[in-house]
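Naming follows writing order (A, B, C and D), and every chain is counted from residue 1.
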Amino acid sequence: MKKLLLTGFEPFLGLPINPTEKIVKELQNKNIGQYQIQSVLLPVDFEKGPELLISCLNDIKPDAVISLGLAAGRKKITPERIAINCRDGEPDNNGVVMVDSPIYEDEPAGYFSTLPIREIVQILNENGYPANISNSAGTYLCNNIMYTLLNELNKNNLHIPAGFIHIPASHELVIEGKKNMPSWSQRDLQQAIELIIENI
Amino acid sequence: MKKLLLTGFEPFLGLPINPTEKIVKELQNKNIGQYQIQSVLLPVDFEKGPELLISCLNDIKPDAVISLGLAAGRKKITPERIAINCRDGEPDNNGVVMVDSPIYEDEPAGYFSTLPIREIVQILNENGYPANISNSAGTYLCNNIMYTLLNELNKNNLHIPAGFIHIPASHELVIEGKKNMPSWSQRDLQQAIELIIENI
Amino acid sequence: MKKLLLTGFEPFLGLPINPTEKIVKELQNKNIGQYQIQSVLLPVDFEKGPELLISCLNDIKPDAVISLGLAAGRKKITPERIAINCRDGEPDNNGVVMVDSPIYEDEPAGYFSTLPIREIVQILNENGYPANISNSAGTYLCNNIMYTLLNELNKNNLHIPAGFIHIPASHELVIEGKKNMPSWSQRDLQQAIELIIENI
Amino acid sequence: MKKLLLTGFEPFLGLPINPTEKIVKELQNKNIGQYQIQSVLLPVDFEKGPELLISCLNDIKPDAVISLGLAAGRKKITPERIAINCRDGEPDNNGVVMVDSPIYEDEPAGYFSTLPIREIVQILNENGYPANISNSAGTYLCNNIMYTLLNELNKNNLHIPAGFIHIPASHELVIEGKKNMPSWSQRDLQQAIELIIENI
């Protein structure tokens, strides 16, 4: 059976939970569509996050990779179109702050996702989960992981479906974190991700 | 068994569906908590909407009233605090436009909801449905129905729990209407309303 | 010459500045339209704010009253339609928290503004300042001052133009407070208020 | 004197005006800082817009290029970090719709702005104009122009400051277009752009 590496993140920036953590734990070792899921929880850390991702790519040798991240404030499931060679923004969970810093010197400005993002959006919408393509994964850990992923596959000449998908906050996160932002139930979030995996 | 009058609205302002219509149809005649549900679908019409509500109050003689409306753009379930004696805004489904017009001349500027809105918010949040109190039901049909409801009960000296609850868009509405606004699954929306009814 | 009482607020909720404070200080004693401006800066304090307002009404005996407040997050100048008899929300600057508390027991649920709010919106828009009517002044100090103002005039049978106008954040507030919200230049904000005073 | 090519766009997507059009017309032939301004108004047309830009680059041989675009809904002045090799979204003014289409086959996924975007943001904020860096210029004409600009300079080995800056709506656009979005006065918008030019 094919292997799909599914990554999520630990909580960050003071939020009490991260709905992607719950999804990757729930789907660990499950068989969905043509894939067995290999889940990995990544630290929100500019050094250790990408390192762990690269070691998982080497160990697992997946046939497809989907990295998940929380996009607090977004209303829909949003497959990312592109990762850019830049780190910037808030401190990571280790307190490290990057400002306009390349992820890797002398590498390209950007890499496009190799997931079928247009089809993913279409399938989600057809099945009742609002979705659209996002043109920016930001410049924080999410973008860093997506860039590292695509750069690594490119360097190794591996042509597999791989990319990043941002999800909205969960109801639970909004309530526990006392936030005012759009949210979905954790069940809706997880079912949408399962639907994506079934269709790639 | 006690009777709860539950009202929803037909679609309006060009939106393809109204999630409150689905909820009231689904819950028609159900027994929830201490109530049997009596559902009514109201027209988005400054004349016929309030008229139908008043005739239902007289016919059904409910022990509690919850009127539901869609608040496109809101992220949470929002029990309304107050209805105000004003009609304004977009044309109704009959093309009638009101501008700064009292609903009833010589009646009070506002009526507070007699639903336990603070407890409703607390119960929803405790059960995983983000909620907060709203301080404005607007000046369109939703506010009109809430004002008519509370004015009518006040005139008839009826002290029953009665008020208005706005809900976010459903995923379905966002997808079919090609909208970019926060949404919940219809299932989440309906379950939240059932939870409210169980607890009043 | 007629006297217009113009009130603003001190900073609150940790914001570094309040653009209404600057406006009332700039316009103090100015003659605008048919009015001489009498400015008062109110404390964000559920007890002392309304007290100071009432004493100013008694001392100044104004011919018109405009109370200004900051509505962080709003995009336009928004004359408020109604004040409601409720205090709720964040702690005031004295640390006092109100929850669903009437401002005055046994007083009406709401009072409508007696400012010509529709004309104000029209004049602002005609002169290049985006404006619309707001249907909620919230339940914090702004609403409390507006309610106290209208209740006091009503009790004393004084029929003068009086109400509350919310303004967006200033560019300065957004920059100094490191906020991400809509803002206008302080100059635009002040000129819009002057234009309102010229036309009431 | 050095020459700065300053481009703006005509109105698009049914909006009645484009504040960037007014700015480029106002600044045409002005001397600002070390530059004489050469203004060009670009059509919102996937074919003719980039063509006109390239011919202007060849004819004018500018020492710096700033392309301006309207980002309806944004609250701040936002220098763009990167242009991506993709066209997508709404129809252009000629009715042409692009879907996930490369701007140029076999060209890089992205180019970073060569404007000093961090310094621009800092100078704007220091002078009272809210600003931050944007990580996406979208996939419509704005991004297309920015990509074409940077791709052309790269091909010709021209190392000059060049990039794209998005601006919020103007008050005028919000009022005439009956929109509900953040806006600045046209004066604030133009002064912010002049300040940028003085400092690059």
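The rule is simple: a contact is a pair of C-beta atoms (placed from the backbone, for glycine too) under 8 Å apart; a residue touches a chain by one contact, two chains touch by 3 or more.
These numbers come from a predicted model, not from an experiment.
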Self-check item: Listed pair (A-D, C-D or B-C) duplicating the A-B contact set, over half by residue number
Solution: C-D
Quiz prompt | Farthest chain (mean CA position) relative to chain B | solution = D
Exercise. Could you put a whole-Å number on the gap between the CA centroids of chain C and chain D?
Key: 38
Quiz item: What is the distance in Å between the mean C-alpha positions of chain B and chain C?
Solution: 31
Practice problem: Please work out the Cα centroid separation of chain B and chain D, and write it as a whole number of Å. | Solution: 46
Exercise. Using the contact definition from the top, classify how the chains connect: line, ring, star, complete or other.
Key: ring
Quiz item: If you look only at chain B, which of its residues touch chain A in the complex?
Solution: 75-76, 125, 128-130, 132, 171-172, 174-175, 180-185, 188
Self-check item: Residue ranges of chain B in contact with chain C within the complex
Solution: 81-82, 84, 86, 88, 99-100, 108-112, 118, 133, 135-136, 138-139
